[in-house]
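First chain A sits with chain B, and in the next complex the same chain sits with chain C.
Presenting the complex of A and B:
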């Protein structure tokens, strides 16, 4: 065969296999979800009042202003950030480890955070916590601090090991073993602790969007933006990794530095979320699969923005459900994501029969 | 064709005469544990030339993959020197290397939901910007790469819905889209049936000659190498390497030496393997043309030594044509029996 004859074989530009229009729908859903999470809560506030409060025009009741600005708005923002962060982190981990079950916590970020929190809540005896209380360290902020330190320690560990270990599977197993070891320590702390403290720890481990204050958001927002920014610079290397590390190397990819950037970005995202909201499961593993199905693509140039938005939407929906509209109760967020999310994802994936074919592994 | 040749300012033309990829006193192997190095082959002196298809052949387990991966820079050499276009391999920046050399590996890849075009387009990785965006020229290169391997009609199909052979083509197109001068393929025929193997090798031969690529293919399929390679790199179990045109290696006996194992023999006359069980009986055959060739094969398989008709008079097979049909006539001590097929002949010989 000689050169392709361009007159007899006209090349059709590859069809837009990517469903870009989907982003329009997702943007609308995001707006709806955001509004819904502002509207629903134990106190019923009309939507027009919420809009007026957001635009600084006051409201019928002064208490509503406080509820919306100091409670619901930070909570909704947190939900969006957490959903986006966990989904992007999970996507990167799934591609890096070529494992459909990988999630943001696969390397033990949450274990580290849990250990930090468990040490603060359970570890110090009565005198210890009195001491901490005296220093003003007990409370939400100290939990966030402890979780940050725990997650940060694991992050540093992961980066150090990631520089030495060449085989990703080894890294995966190390993460798993680290998780077992820390949960054993946590179990030990629980075993020797008193019920009230165990209750506090358990509540933290359920996860929550509601505990994040504006001052904490001032740390959380920039940290998550940095993590997302790193991810948005990585679609090309991630795509190359779809073919496996050997192929990626022969296509000119610097595997070592790419892997370190992926680990760094994904771990920052997972670590920050865990530090401020507790270990929130499910979103990080499910949203990437959902997006691969929705967009019928494994291309990270599509998937990264897609999981960012879909992750935010899923977290907002979870938040609305957790409020149990019309009731005084609030469900733990982890319960909602798993209880309501899992069947939904199963339905989507079974209907599309695409999960296996859309995942590169 | 010009689209596939690297820019002139990017290659060192001095290397072209002697070989674009050269290995001197190369020792390959792998690291085992902390200190132990396992050597697979040593003192390899090789050169891969532009416009040539070289086949790396040898029995399974002699280190063909190790050599290929070493030449591709995927694993370190133990000692020696590899130069690519006159420059040592280890001095190449990964992206620079990717523009000069690309590979197709044995492992089956699963890329999830991507179209064949997008998979081939991954080969543009070393050329595109940080986002992997492609301009018109990049797209054109990918299309030409797909067309060169006959995979243009597959462009729109999802990679994971293609057959093994089609995927192989797309992966080779991806390697071509890297616009390398050198192409290394590790056992590309492993998952293909025989006709597709032949077609693939023909295609690689054409790519080498028409596009001026230097192509090295590892295979344990000797037949294919004999028919399509310009050069054969023949590795034997002790790590020795013989290099030459396939015919030279047959005449020199290197093939027979490398592949002879218990019970299997390389026949230098036919270029085939045959069972070398000791013939138990002799039989004479009188036949011509194709009928002679295939009847001889069948008799050999059945354990006979086939000899010319003059030597044994009491038992011989005669192939005759009666009314346009072939008949195998078995003569035995003065009487003869006709058989309508080779199978029937063998049955009655074995009685």
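Presenting the complex of A and C:
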């Protein structure tokens, strides 16, 4: 991809003004969040036992080893990956469309994934997914597979349209329309389905970190790393885009190829997350705002690593709250992120003035 | 003519009442059931002691959700809890066809009985209709896709039974179609959320709709006893009493037999979905069946008749060493369970092959008979469960609903 020449970036705030020390605090918070999500769960396991299990030294109770290694560890890893992926994806979408309300799903990636999952759960029932397995496709990933196919189809569509359409607003409207069309089909499937399957679909749409197993992580981790890698190559073009496409073009940025790379990376991240964990809202739109405020910056060289870490922390905290430590019950992730996160974000947004300077152009 | 009819009826009633007050209690006899006002039979010459038109009364023992009160020419059926948390019940006045509607029931739905046509919005009514021999009166269903009953399935695909929507998953009810069918009774369940329920639109259209709340009954015998509720609309209480008595006595006999055993294997049910494992409460239908079948249900002490979402790890911790794993949803074999989540393999019950599901009787669309006829035959369900937990007690048992997953 074409990178703008460093000398043509007078608009970027010099790095020293940025609160680098924040990263130290964030790293500590990330470690705390990760530990908390390993320690707190429905089953209470003493902290020393968790450490012993992690270092392979056994535990007082045999089932605890399984719980920590096969339930909590994949769940915590999933939470971190999802938080980072959605936040990075959301940041890119907000910048690409210069729209503070943009989120990873603004182009209908989750609608495509939802349609895939709805077809499996509501359309064919579980026999349908077993049918997929019978066809030699990865059996234990049937839902994830259907969601990936759905998200992938939208991704291809977005890329094709993205090559033709110059105006990003047109893309936005197309994404919106595509969302309406797919949700109509999903509604139709729900309308003609039976309660048990509707409940299964509804549960999927609440989002969850707990359903991801190690064998699914083997697919999920590389896919998310690819998406993140693309984003980490893009901070400068993203900075240029903040000033408007015309301005970026005068700086020698190849708008078309930059846009396609952003769309590709952000869509992979959003699609993979939806495929494995369901449509998880809020994090993707909120964390970029939170980071702009925390770092008092719109510079993507800071924001991309920042949202990666903050996104992971937020998702870990949401996971801990969802486990309702001390109780047997668990809450859906989407409920937690929105219910606990929204008031916090409102407070952050009201305190900051950066919104205007970022999105005014 | 009409006036004289009423006069006759009045005299008959007065005479009958005074007679029945001093006469010894009448024997139940089918021949004494009079239909005084239907067509030519109007000429009632003498007052029979069976002014009591309903000598066969339903005796409701286990069901909590309905009651039937019998009066001389009508019955009053009350559904005390039409849905979870309902603030008031529904009253239905069942009058013999052609006879006068008694006063004092303004606003209550009046149904002329015995009904000759019925529309059902739940598959759980089919076994009762079939056992009572009135399945032929079925004219429409909410949805035929998941119906297990072969007669209903065949008649629906032949177009002899209409599909009108409005059930729990069938979408909005087709009121126009029902107005054209003119059924004498529409039986439906209700959730209390007007957007999801069929009955508000049906009442609005003046159609004879009755709410059946069988699914709220957590006692298996109580749920089966709703057969008597259905029978009341056909004047078939005698038959329903007799059939229920058979079901109940074989259920109770088996339960009694099992209660003598001291060994109670541990059991857990359901599956995880995306990290949430819905575990039935200790007072639920599923839990009561397991208890009556002589099993130690791991969550028998949790309150509630519904199911609670637990974390997978919680269930794993509690059920790792449990003896049996039951009711695994749509899974047809052990391999497909692992496809859903590889961690299932770590349950001892899975590793040792003690996983049972209620999917022995399932049709091509995935409709399961356990959820259809199983509600009317808790004795068969219990026998299957006892054969699973205590095979020595029923050595020759042929499984009806359950099968061991391979």
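Please note the rule applied: the second predicted complex is superposed on the first by the 319 of 361 C-alpha atoms of A that agree within 3 Å, B and C clash if a C-alpha of one lies under 4 Å from a C-alpha of the other, contacts with A are read in each partner's own complex, and residues count from 1 in each chain.
Here is the rule we go by: a residue touches a chain if its C-beta (ideal position, glycine included) is under 8 Å from a C-beta of that chain, and two chains touch if they have at least 3 such contacts.
What you are looking at is a predicted structure, and each value in this text was computed from that prediction instead of being measured.
Enquirer: If we overlay the two complexes on their shared chain A, which of chain B and chain C does A:344 touch? Say first, second, both or neither.
Expert: neither
Enquirer: Going by the contact rule set out at the top, does A:203 touch chain B (first), chain C (second), both, or neither?
Expert: second
Enquirer: With both complexes overlaid on chain A, does A:299 touch chain B (first), chain C (second), both or neither?
Expert: First partner only.
Enquirer: Determine, under the contact definition given at the top, whether A:195 touches first (chain B), second (chain C), both, or neither.
Expert: second
Enquirer: Regarding the shared-chain residue A:242, is it in contact with chain B (first), chain C (second), both, or neither?
Expert: first
Enquirer: A:213 in the overlay: touching chain B, chain C, both, or neither? Say first, second, both or neither.
Expert: A:213 contacts chain C only, not chain B.
Enquirer: Considering only the touch criterion stated at the top, classify A:180 as touching first (chain B), second (chain C), both, or neither.
Expert: Neither chain B nor chain C is touched by A:180.
Enquirer: Which partner does A:323 reach: the first (chain B), the second (chain C), both, or neither?
Expert: Once the two structures are laid over each other on A, A:323 reaches chain C alone.
Enquirer: Using the superposition on chain A as set up above, list the residues of chain A that contact both chain B and chain C.
Expert: none
Enquirer: Which chain B residues qualify as touching chain A in the complex?
Expert: Per the stated touch rule, the residues are 1, 72-74, 94-99, 101-103, 105, 107, 109-115, 117-119, 122-123, 125-126, 128, 130-132, 139, 143-144, 147-148, 150, 152, 155-156, 158, 160-161, 178, 206, 210.
Enquirer: For the complex, give me every residue of chain A touching chain B.
Expert: Chain A reaches chain B through residues 1-4, 9, 11-15, 17, 233, 235-236, 239-240, 242-244, 246-247, 249-254, 292, 296-299, 301, 354, 357-361.
Enquirer: Any idea which chain C residues touch chain A in the complex?
Expert: Those residues of chain C that touch chain A are 143, 145-146, 168-171, 272-276, 308-314, 316-317, 320, 329-332, 336, 338-343, 346, 366.
Enquirer: Which of the residues in chain A come into contact with chain C in the complex?
Expert: Answer in residue numbers: 41-43, 63-64, 66-67, 70-72, 75, 125-127, 129-130, 133, 139-140, 142, 191-198, 200, 203-204, 206, 208-211, 213-215, 277-278, 323, 328-330, 332.
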